[in-house]
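Two complexes are shown next, each including chain A; its partner changes from chain B in the first to chain C in the second.
Here is the complex of A and B:
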């Protein structure tokens, strides 16, 4: 018994809701006027380190960052 | 032997619950449960006092929560709106007359006494009406929850007042994404271009409308 709920176009293209929402938010932020635009972009900058684990030990971490390395 | 007895007692109590009876026992909605949270769970507090009478019992998370305001029996005159973004609360328990939200099914007006609703929002205009003032925001996407006690929670990822929108950037984006939509090949590219076109045309109509 297949469900017949209508899917939004982005979901049928393989995109998740959160990806859709983030794309919309980025586009809206891009259309801001100047001082607000740089504040918004600054606010959304992230900096984090990710490491995969194997055998109970962390492997080499990768750092993902929007701030330029000083 | 004791394990068998315990098992039989357990199975006996569950089998006396027929499926029909279980189905008719309705769990209360959260607006109906009166959470008397201030004193904490009395059984826990008593057990604590027996073991450690000189130390205050720790507070449990439910004691820090304010109970949900109950559904009034007469129609309230104002809608209480909580309009929040991930980084700030634009409106916190603001009493207004009406809110119009851009739901995926169209512009939806929320008045006091609105039926409880969960609505997914699409990029569009949100307007908050209080007396003669109207405050308008452009929302990127989000959700609106209306509760039976005339509280509305509007959650958006980005919300910008209309005067902060750069018209030139909107036009540029619109033409860029319409072009991308025409030249897109994979489904994902098409979807992204379509999202771009939707957002920019909504921004355009918000500025001109």
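Here is the complex of A and C:
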């Protein structure tokens, strides 16, 4: 038995449920027509800067400023 | 007698009229416009007080403007925060919110603001996070921090440097939306191992009251463990699961989605509280500036009147010295 439960394809590809639902939402947003489409694309802009810390020392912060389907 | 006095007065004023310099000096010291300190000053200077009044008045204008800006931002974001409360309520009804759960790996997510001048909300969040850390750290448990926002980072860096896992800043560049928060939550999930996540934020009760709250999200394994132990989560088996997924699958998806929803609500509520706190802080600041301005005006008028009185006294005593 390779795995006790059948894992959906996205889980075995390393995505979390959050990423999966975001991709689905993006697909739905792309189905809209103008002008609602640009309003919806505006609603999903992402920008923040994350920096991981190890042993009390910050590492270089990375800025995630893409529209979130990366 | 009176005529002699008047003639003496006339003689006394003649040299004053003839020499222009003393008159200019008298005129300039009588006028409240320009006064110089030093050079044998004969009157008290009001320049210092006037400078302070000008700067206090400017500060009052600025804080009033900041209050208006915060009020308008609050109006916009309050609606969204109240609407987002419905996102996580089903999760709490299903899985329960158990802050007293006993787990090995705790991660405390502290939500604070990036900008300052917002009263004491960031300090209360940090205080609660430190208290949670103390409660949850024992011989076999470990506690880590994930910090959102510059102000929390500044406070927690001072004494908890080695327990910080991740720091996320610059959140409010765009309008806050679910996509951004879910990407944040995803980052946290991927980078941090946890058994229980405790999110600390300020819940927005009203414009003047913000309640620091903790929301607990458990990882799927812990949820399974708790469901075996009975209690609220133990009723999960009474639900039917559609589709070809097993219970652990569903629990995993649910736990991730729950974290994302709770984070969304927490970030929005904290932003609301930040604007509300900034409004009340700026309001009290402009009121203080107004009080200060009143006191300074009184001092200014007193100083001005004292200098005029001194001038008059000097002239009259000089005149009476000349004639007598």
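Methods note: the second predicted complex is superposed on the first by the 49 of 70 C-alpha atoms of A that agree within 3 Å, B and C clash if a C-alpha of one lies under 4 Å from a C-alpha of the other, contacts with A are read in each partner's own complex, and residues count from 1 in each chain.
As a working rule, contacts are C-beta pairs under 8 Å (C-beta built on N, C-alpha and C of every residue); 3 or more make two chains touch, one makes a residue touch a chain.
Since the structure is predicted, the reported quantities are computational estimates derived from the model, not experimental observations.
Colleague: By the touch definition at the top of the document, which applies to A:43: first (chain B), second (chain C), both, or neither?
Modeller: Both partners, chain B and chain C.
Colleague: By the touch definition at the top of the document, which applies to A:28: first (chain B), second (chain C), both, or neither?
Modeller: first
Colleague: After lining up the shared chain so the two structures overlap, which partner does A:16 touch, if you call chain B first and chain C second: first, second, both or neither?
Modeller: A:16: touches chain C, not chain B.
Colleague: Considering only the touch criterion stated at the top, classify A:53 as touching first (chain B), second (chain C), both, or neither.
Modeller: So A:53 only meets chain C here.
Colleague: Once the two structures are superposed, pull the chain A residues common to the chain B and chain C interfaces.
Modeller: Residues 8, 21-22, 25, 43 of chain A touch both chain B and chain C.
Colleague: Can you check the complex and tell me which residues of chain C touch chain A?
Modeller: 161-162, 164-171, 173-175, 177, 179-180, 182-187, 189-191, 244-246, 248-249, 252-253, 256-257, 259-260
Colleague: Report the residues of chain B in contact with chain A in the complex, numbered from low to high.
Modeller: 87, 104, 123, 138, 140-142, 157-158, 160, 164-166, 169-170, 173, 187-188, 190-192, 194-196, 199-200, 203
Colleague: Quick check: in the complex, which residue numbers of chain A touch chain C?
Modeller: It comes out as residues 5-8, 11, 16-19, 21-22, 25, 42-53, 55-56, 58, 61, 63-64, 68.
Colleague: For chain A, which residues are in contact with chain B within the complex?
Modeller: On the chain A side, the touching residues are 8-10, 12-15, 20-25, 27-34, 36-37, 40, 43.
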